[in-house]
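In the two complexes that follow, chain A is the common piece, with chain B as its partner first and chain C second.
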Partner chain A sequence: MLKYILKRLVMSVFILLGVSMIIYFLIRLMPVDFIQDKINAINQGGATVSEETVNAMYEMYGLGDNSFIGILKGYFSWLGALARFDLGTSFVYGIPVADVIFEHMGISFAIALIATIFEFLIAIPLGITAATHQYSFRDYLVTVLVMIGISLPSFFFGQMLKDVLALKLGWFPASGLVNAVESNTGIALLIDYAKHCFIPILTIVILSIGARMRMTRTNMLEVMNSDYIRTARAKGLKESVVINKHAFRNTLIPMVTSLAGLLPSLFSGAIITEQVFDLPGIGNIALDAMNRGDIPFIMGYNMFLALLSVIGVLLADLMYGLVDPRVKLE
Partner chain B sequence: MSKNSNHLSGKEVREIAKQNKKIIKCLEAYKNRKAEESEYLAHMSDPNNILEIDNLHTYFFTEQGVVKAVNGVSFNIPKNATVGVVGESGCGKSVTSMSVMRLIQGPAGQIYAGSIRFNAKDKAGFEKAYDIAKIPISDIHKIRGDQIAMIFQEPMTSLNPVFTIGQQLDEVTFIHNPNATKEEAKAKSIEMLDLVGIAIPERVYNSYPHELSGGMRQRVMISMALASDPRLIIADEPTTALDVTIQAQILDLLRELKTKIDGSIMLITHDLGIIAEMADYVVVMYAGRVIEKGTVREIFHNPLHPYTIGLQKSKPTLESDSETLFNIPGNVPNPINMPNYCYFRERCSKCIKKCSGDYPGMIQVSPTHFVACHLYGEEAESNG
Partner chain C sequence: MEEKEKTAEKTEVIDNELPLDKTVRLMSPTRMVVRRFFRSRLSIVGLIMVVGLFIFSFLGPVFYTEWGEIELDESGKTEYSVSQATYTVNGKEYTLRQTTEKSLKDNFLDAPSAEHILGTDNEGYDIFVRLMYGGRISLIVSFIAVFLITAIGVVMGGIAGFFGGVIDNIIMRVCDVLICLPGVPILLIISTILDASEIDAKYRIYLLMIYLTFISWPGTARLVRGQILSLREQEYMVAAEAMGYSVPRKIFKHLVPNVMPQLIVQMSLSLGSMILYEATLSYLNLGVKAPYAAWGTMINIISTNQDILQNHLNVWVPAGVCIVIAVLGFNFIGDGLRDALDPKARR
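Right after this comes the complex of A and B.
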């Protein structure tokens, strides 16, 4: 078991190297130029920047040579810094990338975690009832409602909830993370956070229930038609035991697969929802960095997610061994 | 009959769906109702029978129309007897057994009419007959798995892959004796595994199903059926998925156990050899109906229905020199929109004028031998 994990971790290093190389080359080939934007901004102020200064700036940021060799050099210098646990300094914020990520990660993670917990708590029971009452009114009702949820674009639905719950009814603040007027501390601050995060979390939960519910329903239906469920019924078990013990335990197996993607999704931030509610989450920051060509930040952020993905897949594989006795990890 | 049921117009499909929905709703409501015990008590017509199936109709309401999988089946299972049910694939033998267990998959599959009287034994040891077809589904566990147990065709997939054999066996003990301790359940489970001839029951107890062979799994299934001390065991093609040597072992085991538990067996198979070896009575089914029933001696030495005769002839024997096996020409008729004449007419070599008439009734030829064929009616001679 330990040997298996170690082997997988060694393999992960090579995967991450490949991923980082691809991301770095893609970013360098993107048609965004942080330096040019900066110079344009200065030019608009009325000053002129000499050709020499511009070239010096390109050299300073390490973006001088855009040939293949130049990009390769840039990649290895990024990698060299990473080996010293240095993700570099963000072009836009001027502070270490790790600090930027750390600062904005918390809020995105909190929202995603709470939303995911509610998503599971709501979607799985709905999926089970829909499956056990297949083609009944209940099945159709649940399916139609969650389908509406899936189909709504988050910018539209988020805006709608904001409009109704915050602007019309005034129950919740419309945007931001803290109340700027009051200066709360301790528990009052937490309550303030909760109030601001309620609508964003509600939006994410409603939008994500559909997929998970459909998945649970499909898995459950497949399991409910299998021979061992018939055996369980033939034994004289009550229907509730058949469903909640014999059937549900087997639907966990495909569900574990989806857990692989869960870990990075908890940390990646909800870009559009954060935009709509003007939350200082990591998704919002990452989009901004992408638009402005903040290479160190994009690298740091994407590598962080890549690492989480690799760990997520490894954890999912280990989980298989737990939920399915037929899987042996070697 | 020549109507091709695969091609239905949109209007017809909608019409069928509408009718099905109405009937299914009604039948589901009946199945899920709450009822007093007195509502489904019955009277056995012969107290020496353990099970009396009387004019059972089990239908599947499909998009193409109503499939009458079991269409008026009647037969009895006497106490301490083995009754073999034979017939080719799709003749309704499995559906009959599933109906007895009330395991027909709803909402499409429903018991439409008829009764299944079962001579149950209550806790005090007195006999009490229930009509299984009338029991609301919430009360079925009084009988299912308790007094009637079932062994399925597919041992490879009939055990839950994520629980150990021990967990699955202990469950049976806990259902019937909720106060049992873990140790008692384990002791009983190991005793059962030992009973079905598993060499190292302690090890199998802790194994997962995928660690056992097909024969071992079928033994586990049998031990699971025995754990509740049933009065009737339904074995639905218990040896079909197993190779011949294991088949013989499993059949020996079943026969041995029947005397041990002092119960009856309903053995479903399409293998006449197994029937000859195991059964006391034989029921021959064709296209959802019983066409001939009698003692094993009567069916094998004096088969009357042309279909039974054909079945006997198509059995491979060592004595004959023929290189090819006999087969009955033609196919089973389409189960949707069954006509009201003998279903075997198109394949029968002994057709008489009367065969173009209504479906033949059951004709008694001896106290135990019945056949549904116009050849043996009172006026058969004059017509033939």
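Right after this comes the complex of A and C.
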């Protein structure tokens, strides 16, 4: 077991190296030039920047050489810094990239966590009723509704909810995270947060219920056909006991495994939803950074996402072996 | 033989008044799948939705030629703006109301009428016609992407699963790396690179979809590999070996057709997700760019224009509805196919 984990960890390092190389080269090919923008800003202010200063600035930011060798050098210096746990300094914010990520991760994480909890609370009972009433009207109704949820584009549905709930009915604020006019503290601030996050969370929940519900339904159907369910019924147990105690418990195996796979989505931020509601989450910040050519931040953010998905896959495999004794990892 | 017996059982239930020997009929597996597919109401609904959209987008512009994709309605529009000011003179209050009449060249944001079935958008393009052209792009692009993904996935997965060993290891590690690439952020990066390279607005979406293909084939490759690993051990493969068949023949003639059921299901489901991807890219103004139409591009305007978001629903809601219909249709078909192709499902 320990050998297996070690082997997987070593492999993960190589995967991340491959990913980082691809991302670095792509980012360096981006035409958005932070230095040029900065110099333009200075020029507009009336001052002039000499050729030497410009070159010195490119050198300082490590962007002096845009040939293949130059980019390769830049990549290795980035890698060297990473070995010392240094992701570099964000061009735009002027503070370490890791700090920027952690600063904005909180709000994305809170929204994703709450949305995931509601997703499970709603999707699992729906999946169970659909499975126990297979091919009935109820099954069709639930299936069609969640399928519509899966098929909605997040930007379209988000804007629709915003239009109806925020702009037409005025029940919730349309965008942002805090009310700029009032300066709330304590519990009032928390309520303010909740009000602002309600529609984004609702959007995410409705879009994601479908996959979870259908997964529950499929697993439940599979379990309901197994012999031990027939045995439980033959023993004369009540149907509710059969479903909740014997059947549902065994659908938890794939559920727990998928929990580990959720890890990346909890921290990575929903770029589109955050953009629609103008939330200062990590996804929105990354979108902004990409438009401004903040190379260290984009690099750090993408590597953060890649790391999360590597960990997610590894955890899922380990969990699978842990919850299901029939699975042997080698 | 077993297949035949099952068919007999089934037909007996359907018309039990006939003697058994007259009802026994051989049915090919394909026919059985087709029958099971059409027995489900949801798959029929999905099929109607998708076929309807195809007719709408590909034949629509042929018959409805009032407006073109990038043809502005230049019939003009008069805009009235009212400004109001209150003055207090000698303790008395006066209200000055001023109405400005402005004649504009393009007939933009026109309400739905006989001339413009769904009205015009903020530039003065006919929305109904642009829906058709947008559908063309979305459907073509998604089909190309899905076929490429399947083709590359089948070849790579087939090779990896059949040969095993070092080749398998290399292909699977490449898959691992590609799967860990963050999808949307990298699409954004590539899109800005495309912006600089001055590629025609019409073709950039194809290049983006090629990139999507590049990161999406590992999923299919893994599926094919897993299937082939188990199929490789079957008796008929030993027979194929004994017959001295060539390697490509064994892979593509004997192994891949047995993976087809799962592949078809995955293809129809990923058609839906490709349409969503394309729409999202266009919404972020990274995919199809103005003046050309795509469903996502038609919704893009509301991210900056609150007035259209609130007061001109005819500009953006139809495009969203089209996206939902397309994705839902493909999902229904995929689901129906999954049930129809599952040999364990008996209904």
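Basically, the second predicted complex is superposed on the first by the 283 of 330 C-alpha atoms of A that agree within 3 Å, B and C clash if a C-alpha of one lies under 4 Å from a C-alpha of the other, contacts with A are read in each partner's own complex, and residues count from 1 in each chain.
Criterion: a contact is a pair of C-beta atoms (placed from the backbone, for glycine too) under 8 Å apart; a residue touches a chain by one contact, two chains touch by 3 or more.
If you're wondering where the values come from, they're calculated on a predicted model, not measured in any experiment.
Judged by the touch definition given at the top, the superposed model places A:Ile148 against chain C, while chain B stays out of reach. Judged by the touch definition given at the top, the superposed model places A:Ile298 against chain C, while chain B stays out of reach. By the touch criterion defined above, A:Leu79 reaches neither chain B nor chain C.
When both complexes are overlaid on chain A, the residue A:Leu202 reaches neither chain B nor chain C. In the superposition on chain A, A:Ala234 makes contact with chain B only, while chain C stays out of contact range.
Using the contact criterion defined above for the overlaid structures, shared-chain residue A:Asn250 touches chain B, although it does not reach chain C. Look at A:Pro325: by the touch rule set out above, it reaches chain B but stays clear of chain C. Which of chain B and chain C touches more residues of chain A: that partner is C. Legend: residue contacts after superposition of the two complexes on their common chain; A:Ile27 is shown touching chain C, with no touch to chain B. Common to the chain B-facing and chain C-facing surfaces of chain A are residues 135.
Here chain A touches chain C in the complex through residues 11, 14-16, 18-19, 22-23, 26-27, 29-32, 135, 140, 143-144, 147-148, 150-157, 159-160, 162-163, 167-168, 268, 271-272, 275-276, 286-287, 290-291, 298, 301-302, 305-306, 309-310, 313, going by the rule given at the top.
The touching residues of chain B, counted against chain A in their complex, run 101, 103, 105, 107, 137, 141, 144-146, 149-150, 152, 154, 157-164, 171-172, 175-176, 208, 210, 221, 224, 228.
Across the interface of their complex, chain B is touched by residues 135, 225-228, 230-239, 246, 249-250, 253, 323-326 of chain A.
By the touch criterion stated above, chain C contacts chain A in their complex at residues 41-42, 173, 176-177, 179-182, 184-186, 188-190, 192-193, 195-196, 272, 276, 279-280, 283-284, 296, 299, 302-303, 306, 309-310, 316-317, 319-320, 323-324, 327-328, 331-332, 335, 347.
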